[in-house]
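Pasting the structures in now, so scroll down.
Shared between the two complexes below is chain A, which has chain B as its partner in the first and chain C in the second.
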Partner chain A sequence: SEAKAGRADLIFLIRFRHGCLLRNQRCILAYLYDRLLRIRALRWEYGSVLPSTVQFHMSAEEVEWFNRYKKSLATYMRSVGGEEGLDLTQDMKPPKSLYIEVRCLRDYGEFEIDDGTTILLKKNSQHFLPRWKCEQLIRQGVLEHILS
Partner chain B sequence: PCCLQRAFFQAWLNEKFAPELLESKPEIIECVVEQLDHMEANLKRAKRGDLKVSVHRMEIERIRYVLSSYLRCRLVKIEKFFPHVLEKEKSRAEGEPSILSPEEFAFAKEYMANTETYLKNVALKHMPPNLQKVSLLKSVPKPNLDSFVFLRVLERQENILVEPEMDEQREYTIDLEEGSQHLIRYKTIAPLVASGAVQLI
Partner chain C sequence: MSEAYFPVGPGLGLEENFLSLDDILMSQEKLPGRAESTLPRLAFALGQGAGTGDAIPEGSKLEIPLWLAKGLHDSKRRIISVELPKIYKEAWRTVFSADANVVDLHKMGPYYYGFGSQLLNFDNPENPEIAQTILQTFISRFRRIMDSSQNAYNEDTSALVARLDELERALFRAGQKGLNDFQCWEKGQASQITASSLVQNYGKRKFTDMDG
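So, the complex of A and B:
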């Protein structure tokens, strides 16, 4: 609107101001987008439910973005890989062995494995369990993989 | 089954090392998933304590890891280059193969809409009127097709045109012998990856 004033000596000032505005816009968008990328990483690290300390730092719109992202991801994962879908957040590392030694870091309670037996996960207890069953709990910090 | 495994591993490695999203391979995925289901069903019927159970279970784990890794790799690229991926798909010619499966296409569209809405509601609508639109196609970085990749030649190729990197060089042609390995700019050999003539390593 200032350009409509038509005064030649103001052109440079207008261009400079517009350049500043564009730069500010770019910085704002870069900051917001970077936050979104970190929130996206949280879904892959922590799972669908974010710890409350993290949620406390998110704005309402970011929480909404996260919810829509995880729904979109869930729809995609369900569509691939047979009837139940394939959870892509599992199997993050190539499997080295079938069973692994784990130590329980905190009280979790009862845990059932494939052949029906239940294991009681108490703090500091050690178990030899099937790898694919433990992956989720290891990521949540309930179990710790012991590498000897 | 063994050709399927070879094609599947080839697709996995290519996708891992290529800087851009490659063609989607729905037939391979479908066959692999079917094979996994088949193996799981077999395992359920097997006797407990049978030694073969462990070996088969390990095989299932390995295949499932490769499948997850392949699909994850694709998702990461889709999210990273989302405006370009959608633009490429939109401007695709009739007979050309698609780089996105229908499910991936839906995911990409949702991701774009989600991000656009977020940026609009949080920042853009508060900005002066002439700054309220931003072209994501221009702002989001494109895949770097000039990045160097390692490859092994599967089928002999002749007269591949290599463009100069710097102004002093001129373009030259090279022949790729079967079984040889090279380090070359991705852009030069991109069509060969798509046709299966070379394998990225």
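So, the complex of A and C:
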């Protein structure tokens, strides 16, 4: 019956099926791309080591992509700003002081600062610490920045 | 996740953004149309007829999503011809020109502007009027959106956004964000380092263990 129906009908069917395939392809690509955008945001908002709960949900290719992005970013940061490079992920908001007041939100354990002393970070303890050491812990939700 | 995550936005004008999730949702909206010739074996796929072998007879009315209409449409109209949904037609156009502020654009298909822009892709003698109406509607509604988004601080805004379509809601959210950021700066909280919003979600939602 296909032979009797003639070519015009087949063209229609082919276009229909092709349209559906393209639609599926578009949806999949947009989804995967959006995931990559979120993973990229994680590098800036959370840090270079992702928590295991997040990594659990990433595919192997996404982990690979994240590692390569991290490396690209690190190479770039090293090339900018002279000898030691410039950490662009620090000081995302303009700093007002060298030391800040922080409160611990959950038990973290021991934390060593530059002059060699260790601080025990227990839940609800408050400390006055250098900004650059705490920034990552604040972003990860371990510490809370308190404004005076 | 809000500071460093920049999703692909919807396209402006006649072209959609391929990777935009908003555009994908928008192009799923349905459009009335008519089959121009017998369409074999597709009754099942398009929601009519019981068996997989049924054909759609010529001239029958169909409701198809925009992406399919765009794919099957050609200027000679051999397969499908599309009609305008009612809110882009003459009757509703006069309502919009009378007073655009009272219309509930969310109910009328939540993508009035985006979908309307895509409709201009199909040859239709009314296209210039449709384009004009969409533009004028936006102009007359914009003032109210801008005012309400800039003045509703720390309030429940659901009443304000209920009648806005998706484009207008995005504008409203942008206005609110500007307002909130400004207030935060005024309170001196602009230099406070905050946890990333992803981390804040961890506390609220424990990831369940998965098998395997």
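Here is the rule we go by: the second predicted complex is superposed on the first by the 120 of 148 C-alpha atoms of A that agree within 3 Å, B and C clash if a C-alpha of one lies under 4 Å from a C-alpha of the other, contacts with A are read in each partner's own complex, and residues count from 1 in each chain.
One rule holds in what follows: a contact is a pair of C-beta atoms (placed from the backbone, for glycine too) under 8 Å apart; a residue touches a chain by one contact, two chains touch by 3 or more.
Please read all numbers here as calculations on a predicted model, not as lab measurements.
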Touched partner set for A:Lys133, first chain B, second chain C, both or neither = neither
Contacts of A:Phe12 with chain B and chain C, given as first, second, both or neither = second
Which superposed partner A:Lys70 touches (first chain B, second chain C, both, neither) = neither
Pick one for A:Leu29: touches chain B only (first), chain C only (second), both, or neither.
-> both
Applying the touch criterion given at the start, work out whether A:Arg40 contacts chain B, chain C, both or neither, answering first, second, both or neither.
-> both
Of the two partner chains, chain B (first) and chain C (second), which one does A:Arg103 touch, if any: first, second, both, or neither?
-> neither
Could you look at A:Pro94 and tell me whether it touches chain B, chain C, both or neither (first, second, both, neither)?
-> both
Compare chain B and chain C by how many residues of chain A each one touches, and report the one with more.
-> C
Which parts of chain A are in contact with chain B and also with chain C?
-> 22, 26, 29, 33, 40, 92-95
Of all residues in chain B, those that touch chain A in their complex = 29, 33-34, 36-37, 48, 54, 57-58, 61-62, 64-65, 67-69, 71-72, 75, 79, 103-104, 106-107, 110-111, 114-115, 118-119, 121-123, 127-128, 131, 134, 139
Give every residue of chain C touching chain A within the complex, in rising order.
-> 1, 3-8, 18-21, 24, 37-42, 45, 67-68, 71-72, 78-79, 188-200, 202-203, 207, 210
Would you tell me which residues of chain A are touching chain B in their complex?
-> 21-22, 25-26, 28-29, 32-33, 36, 40, 59, 61-62, 64-65, 68-69, 72-73, 75-76, 79-82, 86, 88, 90-95, 98, 115, 131-132
Touching chain C in the complex, chain A uses residues 5, 8-9, 12-13, 15-16, 18-20, 22-23, 26-27, 29-31, 33-34, 37-38, 40-46, 51, 53-54, 56-57, 92-96, 100, 134-135, 138-141, 144-145, 147
